[in-house]
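Note that the chains take the letters A, B, C and D in the order they are written out, and that residue 1 is the start of every chain.
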Amino acid sequence: MTHAREILDTHPGTVGLDAAALVECIEACFDCAQSCSACADACLGEEEVSQLRRCITMCLNCSDVCATTGRIVSRQTDFEPAMARTALQACAEACRLCGEECEHHGREMNMEHCRVCAEACRRCEEACSQALSSIGG
Amino acid sequence: MTHAREILDTHPGTVGLDAAALVECIEACFDCAQSCSACADACLGEEEVSQLRRCITMCLNCSDVCATTGRIVSRQTDFEPAMARTALQACAEACRLCGEECEHHGREMNMEHCRVCAEACRRCEEACSQALSSIGG
Amino acid sequence: MTHAREILDTHPGTVGLDAAALVECIEACFDCAQSCSACADACLGEEEVSQLRRCITMCLNCSDVCATTGRIVSRQTDFEPAMARTALQACAEACRLCGEECEHHGREMNMEHCRVCAEACRRCEEACSQALSSIGG
Amino acid sequence: MTHAREILDTHPGTVGLDAAALVECIEACFDCAQSCSACADACLGEEEVSQLRRCITMCLNCSDVCATTGRIVSRQTDFEPAMARTALQACAEACRLCGEECEHHGREMNMEHCRVCAEACRRCEEACSQALSSIGG
């Protein structure tokens, strides 16, 4: 349960993109920011940590980009489409790269946290793409 | 829907505090980080923005503290209770201060986004207090 | 004085882009993240806050993007050019948009903090462009 | 070179604590946020990464706390001493814990990036303590 929808519905201004796509994008970004931080940490705790370096770096980067993008699209006062567009593009790309890396370890190394994290990444990549479409990006 | 519980359950190590309290704390921190960013933005869009300065500053500060605390407690590899304790204390205090400010504007100025944000703050303050108890803080 | 150069020089691996361009980019990103947070706050304290809404939103967004990009380019273990490229593009664009907005208020409204913040934005936009060139972006 | 002092000097309001202590604290927080991100990354690239798990977790936590604290003290509009106090206490503690861990690896394992990072941590711990004194914390 999050409060994203309720706060958006009480915003004094008009919203710069489709509200349903926006709420899903906000929630997916914050969820993915958390999942990627947690997956980087779980990878660090694995015995085979030295084989998970790329995955850890990807997760740390993706977590930062998702947190930033979730905040940017949450800001609807004087919403600037050019700003949202470049952030959403970076976020979709970060999620694609991190999702592929995590999926690979989930399958090849049986890393369950990577498999779950890949799910969060794919959901977020999709939500960013939808939000991009709704602002003409 | 978040992936916090699933990733925690697949962590290779042992978890440094009660798992249910931890998941609630993680989810409350990320939700409150989002709510406070969105409430600061909604306040900025209000006609009476000049009366909402303290609320905006509180929300920006609380959003940052919640995002940081949500990440810190998500990290369970070589979990250090002293680190978690000081972060959770700061987060509970930030949520208390921001929640009081938002509740005030929700009631006195009929700001619905402030009323919703106060809910997110109180949930997070409570979750941080519970997590603190579970690590003996 | 920062420790960016010293830590980079002691990194166990090879660095994925020109080291001088990288250090300047890291320092410019962290400086701009701070300047934009401080300028948003100073704008909020101005009597004419209602005319500075767009500037505040731009500064908050730019601060988040710069902090994230500064961290991403600081990570050189398993450096992924595609990740750095999309982050640097978003950062250059955020700095361009925010720098233009701040410069405008610095000139038209005599807002000194906006004038200084525009300087930090332009420096960071330039540093991101240089870093992009050095990774072929 | 940072723009922290210049923006602070042009703030429309009064500053809630000693200006010199504040600028040093802001700069030390952002420098330490960067150093800790870079040191976590350098540790991850070391052959002995499995012996550096605690150091990586400490650095990631410290980086987040420093970035958040640097922003909170940068916000001087409706400055709330209780908020600054709890953030500065968390930051001083994070820097103390991370600085000790890094210093240990710098000495025992000849990790130069840890030695440099310990310097950034100690500077930031000291700056937070000074800022705390100046607000009566």
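Following the convention adopted for this analysis, contacts are C-beta pairs under 8 Å (C-beta built on N, C-alpha and C of every residue); 3 or more make two chains touch, one makes a residue touch a chain.
None of these values were measured; they are calculated from a predicted model.
A.B. asks: Farthest from chain B in C-alpha centre terms, which chain would that be?
C.D. replies: C
A.B. asks: Taking shared residue numbers divided by all residue numbers at the interface, is the value for chain C and chain D over half (same) or under half (different)?
C.D. replies: Over half of the interface numbering overlaps between copies: same.
A.B. asks: Rotation angle for the CA superposition of chain B on chain C, to the nearest 5°?
C.D. replies: About 180 degrees, rounded to the nearest 5.
A.B. asks: If you average the CA atoms of chain A and of chain D, how far apart do the two points sit, in angstrom?
C.D. replies: Taking the mean C-alpha position of each chain, the two centres sit 27 Å apart.
A.B. asks: If you average the CA atoms of chain B and of chain D, how many Å lie between those two points?
C.D. replies: Result: the chain centres lie 21 Å from each other.
A.B. asks: Listing for chain C: what residues touch at least two other chains?
C.D. replies: Answer for chain C, listing residues that touch two or more other chains: 41, 44-45, 47, 53, 57, 60, 67, 71, 75, 77.
A.B. asks: Show which residues of chain B lie in contact with chain C when the two form their complex.
C.D. replies: 41, 44-45, 47, 49-50, 53, 56-57, 60
A.B. asks: Would you pull the chain A residues touching chain B in the complex into a rising list?
C.D. replies: Its residues touching chain B are 1-4, 6-8, 10-13, 26-27, 30-31, 33-35, 37-39, 41-42, 44-47, 63, 67, 70-71, 74-77, 111-113, 116-117, 119-120.
A.B. asks: Where on chain C does chain A make contact in their complex?
C.D. replies: Against chain A, chain C makes touches at 53-54, 57-58, 60-61, 64-65, 67-68, 71-72, 75, 77-80, 82-83, 86-87, 89-90, 93-94, 97.
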